[in-house]
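Same chain, two partners: chain A is paired with chain B first, then with chain C.
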Partner chain A sequence: MNTVVAGITYRALLGRRRIILLLVLPLGLIALAVLLRLFGETGQRSAMLLMDNFAINTMLPLLGLIAGTGVIAPEIDDGTIIHLLSKPISRPAIVRTKFLVAASLLAVFGAVPTYVAAWLLVSNEDSIATGFAFGALLAGIAYAAVFLLLGVLTRHAVAIGVIYALVWETVVGGFVPGARRFSIQQWAKSIADQISDSAFLKADVTLGFAVPALLIVTVAAVFWAGRRLRSFSLTGDE
Partner chain B sequence: MSEIYDIGYRHYDGPRLGRGYATRALALHSLRGVFGLGRPARSKIMPFSLATIMLIPAIVNIALMALIQRSEIAYSAYAVIMQAVVAVFLAAQAPTVVAPDLRYRVLPLYLSRPVAIVEYVGAKVAAMTASLFLLVAVPLTLMYAGELVIDLPGPPATGEYAGAMTMTLVLALLLSSFGLALASFTPRRGLGVASVITVYLLSFAAVPVVYGTLASTGNEAQAAWAWLMNPFWLVDSVQSWVFGTPPHSIEGDYPNGPASAVILVVLICVGLGALALRYRKAASR
Partner chain C sequence: MKIELSQVSRWYGNVVAVNDVTMTIGPGVTGLLGPNGAGKSTLLHMMAGFLAPSGGSVTLDGNTVWKNHHIYRNIGLVPEREGVYGFLTGWQFVLSAARLHGLPDPAQAARKALATVEMEEPKDRRVETYSKGMRQRVKVAAALVHDPPVLLLDEPFNGMDPRQRLQLMGLIRSMGADGKTILFSSHILEEVERVAQHIEVLVAGRHAASGNFREIRRLMTDRPHLFMIRSSDDRKLAAALIRDASAGGITLRPDGLEVQATEFRRFARLLPRVAKEEGVHLHQISPADEDLESVFSYLITRST
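Showing the complex of A and B:
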C-alpha cells in the first residue's frame, strides 16, 4: 500500500470528465428504481427484476471493467507506467494499491447505489437491500481484481472484459447451467440469497462454492498481476 | 503557394488530386484500420473474430434451409438478434478510428492539407458506417445467396432482403455517428471502448425494465415507446413501419406511425452534430 500511488490513481480515475463514466450507470439504476416506484408495482418481484437484470447483470461487471482496467490500463497504454515502474516501489505493492483503489471505487459506485435502489423499492423487507448490496460489494471486489489482471495481461482488456461479461456470463450462463458456476455474478447472487429471506430470490450456486471461489479468484488475480508486473516489458503501440 | 525562401528544392508540378481524392484516401485508410488491415496481426484478431461470430447464424440458417426447407432467421431480424456482437464491434473499433489522431495531436497536419474538418469527420463516419454495414450485410447476403441456391418453396424474400439491407445502412450510420462521437471525447482507447459499451448497455438493460414497469400497470401504449430507447429496436421499428415486417422486440409492438423515423433522423443529426462540435474544438488546439 502506497498512498502516493493511490492518490495518483484516484485522480486518474475521478479527475475531469472521467468520473461521468463511473456515475452514469449508478444514476441510471437509481433513476429506474425511482421510475418503478412512481409508475410500477413496488413489490419484491419488480425489485428482483431490477436488481437481477440491471444491478448485478449489467452495472456491476461494467463498473468492475471501468474501475479495474482503468486503474492501470491507460497508464500502460500511453507508456507513463514506466515512471511508476522505475521508482523503488515493489511491483506487487503497486498492484495491491491499485487493486484497493479499484475495490473502494466499486464499493462506492456499485454497492452503495445497489443498496439505495433496492431500499427505494422494498425498504428493508426480508433484507433484500442488504443482501444485494453485500453481494455487489464482494463481487465488485472480485471483478476489480480480475479486470486489473486483464489490464496487465493484454491491451485489449476492455474489449475482452466486455465479451466475458456479455457473452460468457449472460448468454452462455443463460443457456448452459454448468457455466453459471464460473460466473462472478452468480456468486454475488448466492451471497444475496444467503442474507435475504425473500422467496423470489433463487441462487444457482451454493454458498459453499461461491465464497471460496470469490476469495480464491480475488487473491489469485491480485497475486498473478503482481507477478506479471514484476517481469513487465513495455512494448510499442500497434 | 508562397515561398519566403527558395532554397532550391525541386517543386512539385505534377497533377493535384484535390480534396475529394484526399477525403476518399482518408476514408479508405480508416476503413482498413477498422479491420486492422495494414496493421500487425494482433489488431486483426478482434474485428475478424467478431465478423466470424456474425457469420455463424447465417451459416447455421443456410444449413437449416437445406435440411428442413424453411428459413428460421428472418432477414429483418438479423441485426436485432446479433445486436450484442455489433455493439461490441462498434465499441472495440470506434476508438481505433478516432483516438490515435487525437492522442498524437496530428489533426493540424491533416487540416494543413486541402481536407477541412467537415471532410475529415465525414471520412471517419463513412469508414465506420461502411465497416458496420459490411459486418451485418455480408451474413445477410450470404443467407440470401443460400436461399436462392437452395430454392425454397415459394418466391424468394427479395423484398425483405432489400429492406433489411437498406435499414442496415441506416443502423450503421446511427451507430457510427454515436459511437464515434462518444469515442472522440477521450484520446485513450480503453476509456473510449468503455464509454461506448456503457451507453449501449444502459439502453439495452433499461428497456425491458421500463417496458415491464409500464406494461404491468396497463399502459401498453406508453410501454411501446420504451423500445425506441435502444438503437437496434429503434431502427427495427422504422423498418417495420416502412417495410411492413413483423416487430422483433422481445414482447409487444412498437408505436405506430412515423414518430420513430423522426426520432431516428433527429438522433443521427445529434450524433453528427456532437462529432462536428468536438472536432471543431479539437482542431483549434
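Showing the complex of A and C:
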C-alpha cells in the first residue's frame, strides 16, 4: 500500500462531481427502502426483493464498475498514470494500492448502504441485514478486482463491464442455471444465505464453492492486473 | 550514466517505427532530431522503459531498462503528453513525485525543483488552471525532484513561449554542463543546436546522422538548395547568376526564376551583389524546399 498513490486515487475518484456517481445508487437504494417502509411494505419478502433485485443485482456491479475501472482507467486514458509508473515503485504494488482503494469504496458505498436499507425494512430480523451487507462486501471486493483488471486490460473497460454485468450476470445467470455458479452475484447471495436464517433466502450456489471462488477471482485479478501493468506500453502518436 | 541502444528495432504489426538503431547517450546534452513521425517518441519511450524493443537491447549502465522499475531512481522523464493531474496544485504534484521517490525531505526537494523551473509563484494553483508552458515546467520540476543523473524529455519546448523556452534551454544546458546525461527530442534544428552538444538524427525510423551541431548543420546547409526568385528582369538576372559556379541550374518560369544553388553560403552572398551590379530589383526570394522533410530526405539519400 502506497499512501501517495492511494491519496491521488481517492482524490481522483471522490473529487468534486465524481463522488455523485458513487452516491446515486446507494442513495437510491436507501430511498427505496424508506418508500417501502412508508407504504408499510416492510417484512422479509420486500427486503429480499429489494436486496436481490436492486442491491446485489444492480447497484453492486455498477458500483464495482465505477470504482474498479475508475481507480485506473481514466489515468491510463489521459496518460497521467505515467506519473506513478515512472517512479521506483513496483507496478504490482501500485495495482494493489489501487485495488484497496476500490475495495474500500465498495465497502463504504456498497456494503454499508445495503445494511442500512435492509435494516430499515427488517431491522435485525434473522440477520438478513448482516448477511446481505457481508455478501455485498465480499462480492464488492471481487468486483473491484475484476473491473480493475478490465481497466488495465482494455480501453473499453466500461463498455465491456456494462455488458458483463447486464448480459452475463443478469441474463445468463438468470436463465442458464449452470452459469450461476460463475456469477459474483450468486456468490454474494450464498454468503447472505449462510449468515441469515430467513426462509425467504435460497442461494443456488453452495458456500463451499462461493467463498473459494470469490477468493480466487479476487487474488487472480489483482495479480494479473499487476503483471499486465508491468508491461504497460506507451504507444505514441506515430 | 550511459544509455546504450544496441540494434534496437520496434515494429507495430507490419509498420517499422524504429529500424536497427545503435547509439550511446552519454553525459552532456544530446538532441534527438527528426521530422514528425520519424520514431523519436518510440525511441525515447524505449529508453524510458515504457515500450519493449521488438529487437535489440536498451540498457542504462548495463541494466536492462524494460520491466525494471529500479531505473527510475536514476531517470527523470518528461513525457510529451500532458499527463498532469489537473485536480492537484503544482505544489502537490511535485511533492507527490518527491514522496513517490521516497526522498528523505520531500518538501525541500519539491521546493527546490519548483524554484529551478521558476514555478514558485503559481505553485498553489491547480494544474488545470495552468497554461501549456506552465504545465510543461511543472512536469520538468516533477522529473527533476530526485535530482536524477539521466533526464529524458520528449519535445520539451512544444507550447512554450519564447521566454519560457529560453529559460528551459538555459536549464538543460547547465544540467548538461554539470555532467548529467540529458536527451531531448525535437523536430526543430535551431532548437537542438542551441542546446545540444551532440545531435542524433532519426529519419523514418533510421539513424541517419550523428555528430556535433556544426557537422549536422554543415550536412544540412551544404546540400543543394532550391530558390524561387521574382525580379524586375528575370532573364537578365538569370544570365548574370549562371556565370557563377554556386548556381547549378536556372529555369526560367512564367512566374519567376527557379534557381538550384549548389553552395548555399556563396550563393546567398552572390545574389544581392549580382542584382545590384545588373540594376535588377529583387521582388521576392523564397526557398522552395526549405521544409525539414526535404532536408531530412537529403540526409537519408546521403547516408545510403
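The working rule: the second predicted complex is superposed on the first by the 233 of 238 C-alpha atoms of A that agree within 3 Å, B and C clash if a C-alpha of one lies under 4 Å from a C-alpha of the other, contacts with A are read in each partner's own complex, and residues count from 1 in each chain.
By our rule, a residue touches a chain if its C-beta (ideal position, glycine included) is under 8 Å from a C-beta of that chain, and two chains touch if they have at least 3 such contacts.
Quick caveat, the model's predicted, so the values are computed rather than measured.
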Clash or fit (per the criteria above) of chain B with chain C on chain A: fit
Contacts of A:50 with chain B and chain C, given as first, second, both or neither: first
Touched partner set for A:213, first chain B, second chain C, both or neither: neither
Touched partner set for A:60, first chain B, second chain C, both or neither: neither
Contact breadth on chain A, by residue count: chain C or chain B: B
Which superposed partner A:78 touches (first chain B, second chain C, both, neither): both
First, second, both or neither for A:25, with chain B first and chain C second: first
Partner chain in contact with A:144 - chain B first, chain C second, else both or neither: neither
Which superposed partner A:188 touches (first chain B, second chain C, both, neither): neither
Minimal inter-chain CA distance - chain C and chain B, angstrom: 11
Touching both chain C and chain B, counted on chain A across the two superposed complexes: 78, 238
Residue numbers on chain A that touch chain B, as the complex places them: 17-18, 21, 24-25, 28, 32, 35-36, 39-41, 46, 49-50, 53-54, 57-59, 62, 65-66, 69-70, 73-74, 77-78, 151, 156-159, 162-163, 166-167, 171, 238
Chain C partner contacts - residues on chain A that touch it in the complex: 2, 4-5, 7-8, 11-12, 15-16, 78-80, 82-91, 230-238
Chain A partner contacts - residues on chain B that touch it in the complex: 39-40, 42-43, 45-46, 84, 88, 91-92, 103, 185-186, 188-191, 193-195, 197-199, 201-202, 204-206, 208-210, 212-214, 216-217, 219
Residues on chain C engaged by chain A in the complex (per definition of touch): 12, 17, 36-42, 45, 48-52, 67, 69-73, 75, 77, 79-85, 87-88, 93, 96-97, 99-102, 142-143
